[in-house]
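One structure follows; several queries about it will come next.
Each chain carries a letter (A, B, C, D and E) given by its place in the written order, and its residues are counted from 1.
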């Protein structure tokens, strides 16, 4: 009962929060001088949404992007966790790899777009890669920070119990690093969407990023908004999933924080 | 009509920010020349170039945030169909600049040869796509008869590495770069098969109604630049150096070729004039492609009032 | 470790530990030598900062000595060994594990089936008086309760050698006596060897076969005192003259 | 003397790491089939670098971008820290704001580019904003996670000492949250550069992002590489500064971790 | 708090504390009532988990009671008050501050100039025997040293009321006695009121004017025992018959 009540309240806040946003938006479009092909009214976007929902095109593009995002997230996550582990453990690995990792973060995707297209083709892979690339860094950094925050005494405990590496990872490092790691995942999950969308901007003929491009090309700003909202929804969904995981895994910490 | 002030600028100069639709490039030589030769100043205009995205220009002019923009022809009907009150007031290009480019060994000489080929373009939007579809439609092919690949603005690279077989690009740009790298190419020019409205200057209805004199001054200066460039290509090219970073260090022959190739597309007789049938064709193509849902009144979309 | 032979279980030879960092170095232990026979109960006393915890860490194989050597069961210690149970000075519980899961951790690591683990744990939970708190998280326990969880954890594998760093530090007098008695019982019945740090000299004398007194900075072994009080000992022994003498001797040693 | 030695070794690693990179690059361009206008050789890039260094244009653009990045970083940081503080403290604020914050992260910049131009003009502000926007989220999340990791007992201590809010923040929350916060700053500093560069891609006539565009427009791939390397260098510089700060502020933790 | 009047300094009336969470609720303290006069030295004993720390947290104004009331100097306590020094059961040091800076923290918060703060700290550092460790970080200290830092920190503001939660828990017998004697001296000279939790009944009797014994779950006040031993007390008093009787009474109370 109690949990249920909390759930209702959470959803209440979300609805409130969305209604407030809609209200501000309506006010803004009503009173500002901005024409609706630059900033459409809620109702126009709603109408456009119904159309793309009915003809199934929104679903189609959203699923493509979702697919890119999920693969990108998985790829970026795995790479970040593995690299992060070795970075946290070895100074030498950290020193040699760091510059390249930072570099990989700051290379603008458009600058290497030709290479991506040549190597990965015009399909889904380049988008997965851009998504993975942007996920990688925050997760990596928080993996490292999280691992460094594991109390030394607990390492002693695990050593004294003759835990093997694997057990040390599973039973100590993962749970202890989890709060900070999940912070990284929150960031990464949100960024993964923008990564895939940016990949789609560079060149694609499907996906929500493409839909934004189409809308822009046709001066169909309502469509742009529909696509953007779907992108935001995707982000919120992923973010919500991470929060859900946090609530599950970090209940021991919650009690402390509240 | 308005004459240039004889003794130079008298009053305040009108400041105009002009979205160019692309980064600084030699194809804009007429505009650089017009500024450098003082044509804009003669007409009381202080011109600032703005290299933001193309669609930004259309939207900003539509919203009357700006008065003018340089745009690609198909944008005008598309935007008007969405209710943007823009008007095309000056044709810069006569010929639609899009071409299909392939290495000669591919043996793509006519549009019919495209069937079954892998054709790369930035994506199913914009001038390249319109050009491709117009060409295919003209010779009775469907989009499904080719393998369309969306590669972003990387056509040169994918053709060079044989990642694709045919690319869609601007005749004054990609093919020239590729030739410079030593590739033998076949070109199919869209404009050889069909007249389409091409690049030009737009303004919005409000400016046209309330300050037609400004439009006239602006168009006159621009046209003077185009004319100057056509008559003095070498000199116009020289003006580019001031505006284009890194031009000194680029391959100048290639760049000059780019300029010459664009000049072949210019509307020169009369300057600034856009052909009504090109508008009809464009509207037909866009309707057929579904890029416009309804027909628009083309009479409102453009005017030849300012052509010379 | 079950090989019955007559060399001592544990031999500490000329042990020295020095901590070095940018501020300089600090000699925590200096030339410590002693040996422990099987099934002996040893207590270590010494002032705060004399290196007692450091000694336990070396014996546990968690800290490499700067000089000297520690031989356990004939083999020099350089890493933690099977059959050794440790209680750290800090309770060292995992905040995300319940009391029960903290106690069964050592069994989990040794792949003991969970049923069995829970059974063994529930006995120990009763022993340390935490019945009813099985599912509580460390955050919600009192200081003494945390320590009792740590004691239960150290016992669950039925180790032959117990290394205890002030296990009763946060316990009240009564619980302390009860736990001490329990420890003695376990030691006797299960034939364990115990090395226990305590700051309570009277407790040390009451529990141990031998008490080592360490003096501070650098930690030297001042006194290695055999306690010849008959077992089982009674609470009243605390007031016997021998007891008082032992106590006095130890007091003097670490003064 | 000791510190000096460590410094030398660190630089040694960096140099080694860079040399290895250069070697791989040279090998790659020599043996792959990719023409050099797509992927130039190190020496070509070097020559191009000398030219733009000598004519001062690289410096000019780099300074513009640097300026955008610094302002963006400051703006994003301040916003993130302040918002993060309130999010960590108040459940209600967290619930109402979270969806908007996540949304703000996932809205593609190009989709709102015209609005940015209308509101902020085509100048430096829109780039500062894109930079700040991308910095905001990781710093925010790590601020919140860091604040939540402050031990409850130390709050009790500060309360019992009757510390006021400001003292609690300065003397407890800031130092305790610092390790996780600085992790966020590492991510944020790196992303700030890409944020500014992306802003420049959308529309600018100066800055390193613009230089990349110029290089691509002229098929001057060596220039693209020069610009990209400068971008990377900027990122590395910022990242290095954060590491420097970390080494200063977290020396108490280092001792623990090593 | 310096107003000299004749009502007691601290009055605890029907104090009850219940912790509630999803697993149910636990009554930690039940109907506790007692009062403390100015300049009294009170010790609190009780088994682990009986609610002693909870009591201290309420007296410190850190925890709101579920029922009842605590009045300090005529004013009900609902937040921490000036003039109260606290030693927590855990040392609660800031790991990023050196020993010295941890000790001067309360002065920093009260804007005492750093020079003066350092001076006052260095006296206390000597008192707790940490001279030479001023610049060390908590990580590198032993358990007892950490506790001594916490004690020094609680004394630096020269508070009128000292709340001590097992301040000597991690100290060895000798240091413990020494610190106890110091505490007595400070209490006498500076005219402080002290409420101290200890798990050592003998220590409680030795130090206190009155010892409160709390029984566990729910924590009830079982015994409020006046200790009528003359001051200054001597080590030998521990063996006096009254002492033994007091000890026995308390033992029985918390059994």
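The rule is short, and it goes like this: contacts are C-beta pairs under 8 Å (C-beta built on N, C-alpha and C of every residue); 3 or more make two chains touch, one makes a residue touch a chain.
Everything quoted here is computed from the prediction, not taken from an experiment.
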Least hop count linking chain B to chain E through chains in contact: 2
Chain at maximum distance from chain E, centres defined as averaged CA atoms: B
Most contacted chain pair (by C-beta pair count): A-D
Chain B and chain D: spacing of chain centres that average the CA atoms, whole Å: 37
Computed distance of Cα centres, chain E from chain D, in Å: 49
Centre-to-centre distance between chain E and chain A (centres being mean Cα positions), rounded to whole Å: 50
Residues of chain C whose C-beta touches two or more other chains: 21, 90, 140
Chain D, residues touching no fewer than two other chains: 34, 38, 110, 114, 118, 216, 253, 255-256
Touching two or more other chains - residue numbers and ranges from chain B: 55, 59, 63, 153, 156-157, 161
Residues of chain C defined as touching chain E within the complex: 19, 21, 23, 45-50, 52-53, 89-90, 129, 135-136, 140-145, 147-148, 166, 169-176, 199-202, 251, 254-255
Touching residues on chain D, where the partner in the complex is chain A: 10, 13-14, 16-18, 20-21, 34, 38-39, 92, 95-100, 102-103, 105-108, 110-112, 114-115, 118, 137-138, 141-142, 144-145, 148-149, 152, 179-180, 182-184, 186-187, 190-191, 193-194, 197-198, 201, 209, 212, 216, 224, 227-228, 231-232, 234-236, 239, 253, 256-257
Chain B-facing residues of chain A, complex: 34-35, 37-38, 113-115, 117-118, 121-122, 202-205, 210, 213-214, 216-221
List of chain D residues in touch with chain E within their complex: 153-154, 156-163, 167, 171-172, 175-176, 178, 252-253, 255-256
In the complex, chain C residues that touch chain A: 57, 60-62, 79-82, 84, 86, 88, 90, 92, 94-96, 105-106, 108-109, 137, 139-140
